[in-house]
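Look for chain A in each of the two complexes below; its partner is chain B in the first and chain C in the second.
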Partner chain A sequence: MHLDPFELHRPTTVDETVRLAGALAGRFDFLAGGTDLLPNYKMHLNLKPHLVALEDVDELRGFSADRLGAMARLADLERDPAFAATWPSVADAVGEVATPLVRASGTVGGNLLLETRCFFFNQSYFWRASLGFCLKADGDRCHVVPQKEVCYATHSGDLAPALMVVDAEVEVAGPAGRRRLPLADLYDAKGDGVRRLTLAPGELLVAVHLPRAARGRRGRYKKLRVRPAYDFPELGVAVAGRWTGDRVEELRIAVGGAEPRPRRFDTLTDALVGRTLDDARLRELAEAIGKSVRPVHNTFLLPDYRRRMVAVYVRRAVAEAREGTAG
Partner chain B sequence: MASGPSRPLRLLGTKIPYVEGPLKVTGRAEYTDDIHRPGELVGRLLRSPWPHARLRSIDVAAARATPGVFAVLTGEKYPTPFGVLPITHDETALAVGKVRYIGDIVAAVAARDERTAEEALAKIRIDVEPLADYPDPQTGLSKVAEPIHARGLNGTNVQKEVVQHFGDVDAAFARAARTVRVRGSFVGVTHAFTEPLVTLAEATPDGRLTVWSATQVPHYLHRSLSEVLGIPMHRIRVIKPEVGGGFGGKSDPLPHEIVCAALAVETGRPVRMLLDREDVFFTNHGRHPTQNDVRIALDADGRILAYDIEAVIDGGAWSSFGTVTTYYNGVLAMGPYTVPNFRYRGRRVYTTKPPSGAMRAHGGTNIRYSVEVALDRLAEETGVDPFDLRARNALPPHSLTVNQFRITSTSFLKCLAVARERSGWDSKFRRLPFGRGVGLGCGFYISGSNSPIHFTPKMPQSTVHLKVDMDGGIAVHSMQADIGQGSNTLLAAIVAEVLGVDLERVHVQRVDSDVSPIDIGSYSSRVTFMMGNAAREAAEELRGKIVAGAAALLGVPAEGLEVGHERIHPVGRPDAGVPFLDALHRAMESTGALQATGAYRSPTLGGTFKGARAGTAPAYTFSAYVAEVDVDVETGEYRVEKIWAAFDCGRVLNRLAVEGQVEGSIHMGLGQLMGESMNYRASRLFNPSLLEYKVPAPQQMPEVEILLVGDDDPEGPFGAKEAGEGPLIATLPAVGNALYDAVGCRFLELPITPDRVLKGLDLRAKEGRRWKGA
Partner chain C sequence: MSAEARVKFLLNGHPQEVPCEDARILLDLLRDDLHLTGTKRGCDLGTCGCCTVLVDGRPTLSCLTLARLTEGRSVTTIEGLTPPQGLSAVQRAFVDLGATQCGFCTPGFVVTATALLEENPRPTRAEIERAISGNLCRCTGYIKIVDAIAAASRSSG
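Moving on to the complex of A and B:
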């Protein structure tokens, strides 16, 4: 497998990046850490002739307790104990991404926009050709759930659920200027594994904003995977909340790694505000979330097992978050 | 034959860092892909997208016409079949007439660069008649419409059937006090060595062909190249640079090696063929997917009366070592126990999947799991401690098994005793809380296959040459293949030990068939035992010459002299001697540089019945492992907390290397047990990558307490036996049995993934069985 040549662009400002994106419309990908994109390119997955590298765009770099630049490196976040104390669910998730080597290159934006994954997609050109291509690359049907409309590729980032439970917003720049939207809305509720984002063509993720109001929530991110390193999530559960004694003041739960997009379960959790979350009620909540999550057979572990684990992981994540120290 | 040491060992037995270690850790060691020749071309392979199909035509005209393409090859040019075993030559360099799995090589290109090569491959048009594929070995046991190979037995896909019966198994079962039956199921696993497969070949105008390759078996590669290319062996030169791991995955002559050499011959230019990871997965030759069925009979005293075993093993598209594997799945099941009656039926079946072959603890791993689980059950059902049951049945030293394996040294009872004591077994077994458990698994393995594959045992399996000149540096030549296991270091250390010199004087030369005398390679755990003896013999011959020089200088008879540290001196009087170099120079006066040679020949072993030689070895190793596990009973996830690894490898020669082999073996065994799996849907491999093939992460390694308890072996070099494969075997049943102790469920399907643990717990709950209060 080899990397086909591409033209590399290195803009230094957001405006220049947006202009370039407009000029190269449909013929480029943004290059952040490259830890996922370049392996995919080697497999000839949706190759583009141009790459717009974001590394030199100053505004995208760095992070604070309120703002994560899209190009903030996961390894840098990981090394900041103050950040971890303020945003425990996010710190958990950062530490669970892949390996230290990947985190040294990997970025916040890259993880949020990570390409969805599937056994039938993340394969070499030869492999895919031998089977007949799929909806997500070069083909017109899905092999997971055989039909020709919907792609079931799985959202596989760790950061999204962890940031969604602290009500993070994302700042986006595009031809029409800048806008801010809840992170949860970045993922298209009507979409699928291919049409997965609500970004308009040429739009660029600039930063993640962490609202002050969410500071002090206790949080936890728990990840199911075969090995405690390397692997993408087979399931990721994030929790953040506030309790007074046993009484729930705020509670957010998000699940990733199981469906084409990460999801929050506000209806279920809002119903608990002001109430005591005893073991029975927690179990009920966890079962309800477990019932609504529907993984398919496109990752290593079987979908029945992943689904069953949703309830267990939710229950444990909530219990551990509640026991954890507030930021 | 060499026996125990005549004086205390100075170097052997200590922790000896690898002689090439500084080069490896600084990136200076030379692997095949580090070697560059002027004018190199890139070789690339076109693989079959069909699991089984008849090739009607292959149109390579457009590929050949692509600018920058120097050669395009298809199967007809070099159709001579080959294979590691002379009796099963069913492999060809490129597919001839048929393709037999997704990934089978159909064509190859040599081009100026990678892109051009791939562009050319994309232009090759293949017309095929698709055939029914046979991913399931069970289907292949009966007559099939289109056998994968014409040599399949009676129109089936059975490549090899072994039927053996010693004693009277039916009578033994009829009088048994207790019997048990265990049916194990094992998916295929692969070696996952670090350095991918890579070969560089160059045909030169002097009519010679030089091949550098990442191989464990330079000599077998040498033979196969000669056979398939039709070039006499003396015109081919095989060089083995450093190799980054093999584990059996480089122990066959492999098709890409021959194709690469063929492209070099066709083009007259050097050709490099570096396989990527997906190619490596398709090449496979890993452990056979296996279904086995084990019945064991015990008498009223807890003595094993009989084994009755069946195994069906999935060979994939080619034979490879499969005939040996078929035997091993039976005959390696007996030791470390005395089994007076034994019946075995093993069948290896071709399937339309990447070929299976030899992998670390070849043929002895899957069957061992089922046997040890069966013994664990028998112990429970008869109310006997698992240690006691095994001790009662231990093979005695210096005995013959029912199938005429000659057992010499065994410290199996010592392994049992020390593992039991160190692990705190008696206070833990069935006494830890629900979810936590300990288990015992034992192992037995050959210390070198007694039969050289290609010639009679009259020819040495290993030869070592030494040469020393005025500089006092000792050059060592041998075709033994260091693949990272430390055989170069051991070779140097043995020579240094015998001569009494510092290790830095000894220079092990790179394997090069032009100068290296034959050693048949790194497989079957044979190198320490066989090369070690050859090295010792060579060094003793050289020592004799140098001592004669000292005797001449000192004016005393050689018989009164001994070798000290860098000196030769009268026995017990180091001060009265002469330095090594002085003695050497005196010895060189008549002949110039000194040379010496040593060789190892296998003893005559085994019975006279069909297949009697399979599994015979000049020595065997023994093990008893205890594992302690902690199970999360809600998720089925578990952690192996600790393994106590008691292993009998005879005398330990390089403690560092042996400990590394034990730890690495445990890691590899845990991989197969916990998550490694060649995942197929029908004939299609779904996870040909190191991301989706789950080699355990370092965090999954338990603490390992290594307990090396072997007594000296009478025939091993300085008393040593193997340590490369045997240490893997007991890992799997120790953990499997520990899981049972933890949660009360038997797991007979590997890998034991968390969902299977939960399934077991569900089943136990449904049956209403209680376990340790839960």
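Moving on to the complex of A and C:
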């Protein structure tokens, strides 16, 4: 498959990148590892005439226990045992993204900003033209929920929930300067599968910051997918917490792969702080989260099954996190 | 881009400079322009691993790589892994143990396995299985492929 022509730009600093993004407003995409963008381009999904490649921007590279550069490669994170010991939920998720070959190119930033997915969207141009285009590319209706003018495409990145439970923050740079926001707020609560992020036009993700206060939380990420070696999440549940004996000191749970954005369930988990999380309470918590998650029929597995698996995965993830060792 | 656009890189150890549009995919450049057809086009979407090459020693899906981004780097294809006389240890083991059926996925597996053994000369079976989990064999002959990589790891050094 050949790509339609575009102009490739290779800035070397964050300032230059932001200036370029401003000048090309609305007519470009950032290119990180390209493992999400280029398959979409091959399928003629929302092509732009310019690509701004980020791989020469030094500031975006590399990672430490406190900071992941947006261009940090997943394969490099995966090979660092010290990182895995400090951030177990994140390490779990990194190792579950796609395949080793995709992780060799795929980056942290690209994973967090991954395009949402739907089986009416991730199809060739011919396929989509035959059925009729949809809201997310070239069309004006939704094939999944035709009654509404809303897109339900699914957030399908593994890292977001795993980083949200350790209260990660993201640093972004744009025409208005730099700002930092909780990762959870990167995903637009008032948006949908199309308007999915709170980034302003031209804003660049620079890095993810991992707060020291969250070090030592025990964590786990559990992923439901069809082929364990390959597939995007049909559901991903991340847990991080601290316990004294059976008593909960801190607990965070996030669910991804089920709705247009990954979500944390702080109201439910905060209510458990200071209490004992016995089997009955864990079951209650898992059921409550399961009830509030609403997948639709736009991925491989049926939504009713995915929804019922939320409670199962929450129970397993919490139990395994509690058994796990802290960093 | 302009008709002047070119890419300059080290291909299988030799400097190479060729015309290359911005939107040119590395796989297409290798196969269609440079006629190195050992690298196979399978799914063309990053799923099957048939198009794997090494870029600066790192296994890379050439179907999802812009050719111009290999500027100044070293690209090694299956042709470059084959010694002038004979076969590499991994290739030898694939032949000896019958780890090919139709053979279409073989170059990708050999490149991935070569990178694995470079990084980890004595992998366990589980490590081999994990390393090749991004390469699909449609004939599903995985057991012999794992056997061959294990044999190559014993035969070298």
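Keep in mind that, in the parts below, the second predicted complex is superposed on the first by the 324 of 327 C-alpha atoms of A that agree within 3 Å, B and C clash if a C-alpha of one lies under 4 Å from a C-alpha of the other, contacts with A are read in each partner's own complex, and residues count from 1 in each chain.
Here, a contact is a pair of C-beta atoms (placed from the backbone, for glycine too) under 8 Å apart; a residue touches a chain by one contact, two chains touch by 3 or more.
On a predicted model such as this, the values are computed, not experimentally measured, just so you know.
In the superposed model, A:Phe119 makes contact with chain B only, not with chain C. By the document's definition of touching, of the two partners only chain B reaches A:Leu131; chain C does not.
With both structures placed on the common chain, the touch criterion links A:Val312 to chain B but leaves chain C unconnected. Of the two partner chains, neither chain B nor chain C is touched by A:Leu197.
When the two structures are aligned on the shared chain, A:Glu55 is found in touch with chain C, with no touch to chain B. Of the two partner chains placed around the shared chain by superposition, chain C is the only one that A:Pro100 touches, whereas chain B remains out of contact.
Of the two partner chains placed by superposition, only chain B is touched by A:Val226; chain C is not.
Contact with chain B, but none with chain C, is seen for A:Leu302 once the two complexes are overlaid on the shared chain. Of the two partner chains, chain C is the only one touched by A:Leu38; chain B is not. Of the residues of chain A, those at positions 1-2, 4, 229-230 touch chain B in one of the two structures and chain C in the other.
Against chain A, the residues of chain B that register as touching in their complex are 47, 49-50, 102, 114-115, 118, 276, 278, 634-636, 675, 679, 684, 686-688, 691-692, 694, 696-700, 753-755, 758.
Contacts from chain A toward chain C in the complex involve residues 1-8, 31, 33-35, 38-39, 42, 51, 53, 55, 75, 98-102, 104-105, 229-230.
In the complex of the two chains, the chain C residues touching chain A come out as 1, 21-25, 28, 44-47, 49, 52, 58-61, 64-66, 68-69, 112, 130-131, 133-135. Remark: chain A residues 1-2, 4, 119, 122-124, 126-127, 129-131, 224, 226-231, 300-302, 304-305, 308-309, 312 touch chain B in the complex.
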